[in-house]
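Consider the two complexes below, in which chain A is the common component and chain B and chain C are the respective partners.
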Partner chain A sequence: MNRPRSQQIVYWSLVILTLLTLSAPTFVVLGASFTSGNIIQFPPDGFSLKWYAAIIGEQNLRDAFGRSLIVATICVLVSLPTGTLAGIALSKFRIRGANAIQIYLLLPFTIPLIGSGIGLMLAFGDAGILGNLWPIGIATAVINLPFMIWAVSSSAVGLDPDLELAAQSCGAGPVQTFFSVTLPAVAPGVITGSLLMFILSLNEFLVSLLLVDARIVTLPVQIYNSIRSIITPDLAAVSVVFIVVAMLAIAALDKLVGLEIFLKSK
Partner chain B sequence: MNTHSIPAVSASNVEMQFPGLLAVKDANFELDNGRFLTILGPSGSGKTTLLRMIAGFLKPTRGEIFIKGKEVSAVAPNKRSVGMVFQKLALFPHMTAAQNVAFPLKMRRFDAKKIPARVSEFLNLVRLDGLEDRRMNELSGGQQQRVAIARALVFEPDLLLLDEPLAALDRKLREEMQLEFRRIQKELGVTTINVTHDQREALVVSDQIIVMDHGEIQQDASPTQMYRTPHNPFVANFIGVTNLFVGQLAAVSGEAVDVTIGALTLSGILRSSPETAVLGAQVRCAVRAEQIRISAALDALGELDAAFQGTVKDVIFEGERLLYELSIPELGDDPVRIFHHDQNDFATHDVGETVHIGWMNRDMHIFVAP
Partner chain C sequence: MQRSPSSYPLMWRVMDALEAAFAAIWPKGGGKYTPYLMLTPAIVLVGTLVVGLLYIGDSSLRTLDKSTFQFSEFWTLENYVRAFSEPFIFTVVWRSLMGAVIVTIVTLMLAFPYAYVMVRTPNAFLRKFLLIALFLPFFIGQVVRAYGWLIILGNQGIVNDVLGLVGVEPLRLLFNYPAVLFGLVQYMLPFAVLMLAPALTAIPEEIEAAAGSLGASWVETMTHVVLPMAKPGLIGAGLVVLTLSLTDFAMPAILGGGTQDFIANAIYDQFFRTSDQGFGATLALLLIALGSMLVGVVFAVFGAGTLALDGSQK
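This part shows the complex of A and B:
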């Protein structure tokens, strides 16, 4: 690219400004987590790992983290088959009531989570299953399912319908065709969607708050409980743990399907 | 029953009605074992639809299709012994060349121990040795064609279907692959139905050609028959470059007929059925561009049956031949197109020059307008 120098300066300033704005919260919380003082602050007061030691030592946090992992796993187990099938069906067939489905897919942006949360709380309460962890996993799957469906259908639109016909002319029945041709073709979407669901479920606060009781608090709720008393640097350390989990997920994504595919998927 | 008399494929009154569109109308044909049939027609004429009904991906709305004498409407595509090469190939992108070729063998429950040998035998047949571990995006267009044909043939189907797989290739590679398909087909003796809109390909590779237009079979004949005795103006025009003149039937004696075109009376061969040949009927007269001779001197055309004088409007150099466009007022307003091959005579006639042209009566095909 041969742009005039002045244009290049403007261009690069914009890029750097954007990167700084996007990453600033991460750097601030990262810095704050390494403070050696007792107040959460940035720039940090000295350097130490004592707040990391503190969160590892804290039984409540560890348990809450474990429960959040269970919830996120259940969420993926529920949304992976349903979201995959729905995503493929949505892009492959002209379905009656497609409009209603489109509206459902916009729900995460139109209905406030507090609304869905209260609805789920009432439903689960009636069913008498509140107080268990698995309904929370199902709840986070239900409210975030559109993200899974989007991820899958965006890779399914690129699927050549002849591919499935080719499998049939090779002698594959419907089930064999699905597992040997359709599923591998949408795999990038399935993997992307699953990791997204995992992170969304891990971070889900509001709906969890409505569905947990004191015995089964998840990590975001646990953090909220601590904020209500006093904000200490261990929260920054916990946030960093969240960030690390998310980065691990992205690294896994890159390894499994390549980030280019993820970034290119429309 | 004598098995030789059972055609490999036959269609009887086959019709495909899409909502608001009759894509295939009343198709009837037979194809003998081991033969190479090409379905030729312009884009949208229903070729793919017909092929997909034979493969089993579409159910005819009327009529029956028989494969080896067995009516197949109730047989699912994966239960038919039909290999297919798709227009866009539809190779499995997540598999290597060898895995693509092994796939039909696995699905059709071949003896697992024999699969590797069979796969390399077929990769060898299509000349892809050494590339078995490549993925599809690591192969060239021509190599992908070869994988697709190996995948379609590896399970030794009763029938091979080719849906314009060569259309996307450049001309040189396409002509090379046409001959390659023909070689492989001859080597295995597999009954083949090929679909194309390329008339040259149809003439080169086929034993039998079916020309389609607007969902209807226009003619079903061997390449030479199709070329020499077209059944209607569409076929005459679609195969080769043909000049069409409008006239009226003036005299009929068997196949030989006289027609009047404007003030002229010319003779030709009747290609429509005799019962339609009523005197005074409107006719279309077809003469192929390569069957017209051109010369500056009228004497040189002495042995021809019909001769005219005209003016050169355009000369187009096509490499191995020249295309002349002439204005011949006696024959109507459309330019008359002529191919000229004589090397010594190249560009003898310039634009604006007055020339003489002529043809033999047997080369003018007369069709009664429906």
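This part shows the complex of A and C:
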């Protein structure tokens, strides 16, 4: 379809403005991490990898990154089976009270993060489990669970119920039908959801901030605490860790299911 | 070891055992309970939030005794009275609400053309590029992005360097209201585009061509055809952006530098600075109520959009 020139000019200037806004922080952090100077600046003052060498030597940053990885792993271990079962159930069966259940399962999105975080902090505190990493993993699983359910249920719509019947008439029991027919059919959704959960949990800041104490800070909280005091270039180098993880996740998502899946209309 | 052709593969044995175990614990004719059982883990997991809300509700009804730092044994509505009479609360709520409205309008104005070009372009490479540019900040997290803006907008940042070249004195671009709103727009753009794109995909391109062939200019096609048809997507995206920016913590904290607090920052301060858990809990519940009211108002005025759960769209 041919577009008038004036439309192209208007759209493209807005798209380029948006692209710049979206990408500027990423590139600036990347650039600033390679500075050879001792203060943070962009364009960087010379090129060096010394801040990368510095962060490898910093025990507290390494530990914080390790803790973030543990939290994200627990989040996926909890949300993957939970969200997959719920997503399949919601899309495959006619359920009495399905609307009420959906509204309930959307609570993590409708309650503001500060509310969820404070509530979990009070509840976990009363249960005496604050100060561990696993409650943070569970918390990030809860607040992002609708993403997992949505990813699975949107791919389960394409699951043909006749296939499950065919498997059963060939002698497969319910367990084998589930693992050989149902699960492979929703696999793209499970992969997309798990990747989203891992990344969102790894980056989760506010709920982490509320649930950690000084001994178990996660990496986003560590960065936040540091930028409130002095901004040194080693923080830029640490932030690049997040950028690299994000790039890997996008590459994996594109390879496994294709990014275009997010453009599909329901 | 040579296996005889008739040997029973290990995988089959495992499956048989699983099926037997399943049949043993699963009552015959229990099929109608299957979906509910599959939903149980998710319902339990989300239940932790409900428990958390009960704790917030309980705390909000207890006041702090400033002399002993003990919370009252009895329930009282004093915190709620206080929330509606303290002037600083009004300031913070007004700042958050106005901020959320401005951020929503600006974000939708930028997200719509981005989503439109991404969906309509025949160039697969360009589409992929726009998608990657969208997902990268989405996957990087708020703190790192805010940190990037600190470098860009700081006193020795790029913007001030460029201004310095043309002889402008360094401007104070950080720790003010526009900086917070700008950071929020950047944070919300991926959410908005990802919610708009499917709605735009659903509009057949032929309809636009038809409008054009009947003499509509592209502006008329946009305002009379595309925008009305994309309304459910715009409402869905708008609501998400509105509620997420209203309740955001990180951008006001980092880019506002403590002078531009939103409601979430005020709640955090009540818990961790003033140690008045009761008043903080009251503010948290009022924020949840405010968010739900906004959603209700938007639904009443514009319809439920793509967030409608029964699939009916106005």
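In this section, the second predicted complex is superposed on the first by the 223 of 266 C-alpha atoms of A that agree within 3 Å, B and C clash if a C-alpha of one lies under 4 Å from a C-alpha of the other, contacts with A are read in each partner's own complex, and residues count from 1 in each chain.
Assume a residue touches a chain if its C-beta (ideal position, glycine included) is under 8 Å from a C-beta of that chain, and two chains touch if they have at least 3 such contacts.
Since we're looking at a predicted model, the values are computed, not measured.
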Identify the partner contact of A:C170: answer first if only chain B is touched, second if only chain C is, both if each is, neither if none is. first
Partner chain(s) touched by A:I101 [first = chain B, second = chain C, both, neither]: second
In the superposition, chain B vs chain C on chain A residues touched: C
Quick check on the superposed pair: does A:V78 touch chain B, chain C, both, or neither? Answer first, second, both or neither. second
Between chain B (first) and chain C (second), which, if any, makes contact with A:P184: first, second, both or neither? first
Which superposed partner A:V244 touches (first chain B, second chain C, both, neither): neither
Which partner does A:L14 contact after superposing on A: first (chain B), second (chain C), both, neither? second
Across the two complexes, what residues of chain A are contacted by chain B and by chain C? 173, 176
List the residues on chain A that touch chain B in their complex, please. 160, 162-163, 165-173, 176, 180-181, 184-185, 187
Which residues of chain A touch chain C once you look at their complex with the stated criterion? 1, 3-4, 6-7, 10-12, 14-15, 17-19, 21-26, 28-29, 32, 39-43, 78-79, 81-83, 85-86, 88-90, 92-93, 95, 99, 101-105, 107-108, 110-116, 118-123, 126, 138-139, 141-143, 145, 149, 173-176, 199, 202-206, 210, 220, 223-224, 227-228, 231, 235-236, 239, 242-243, 245-247, 249-250, 253-254, 259-260, 262-266
Residue ranges of chain B touching chain A (in the complex, touch as defined): 55-57, 76-78, 80, 82-84, 86-88, 90-94, 103-104, 107-108, 151-152, 155
Per the touch rule, the chain C residues reaching chain A in their complex are 15, 18-19, 22-23, 26, 34-36, 38-39, 41-43, 45-46, 48-53, 55-56, 59, 109-111, 113-114, 116-120, 127-128, 130-137, 139-152, 156-158, 185-186, 189-190, 194, 197-199, 201-202, 205, 208-209, 217-219, 243, 246-247, 249-250, 253-254, 263-264, 267-268, 271, 277, 280-281, 284-285, 287-288, 291-292, 295, 309-310
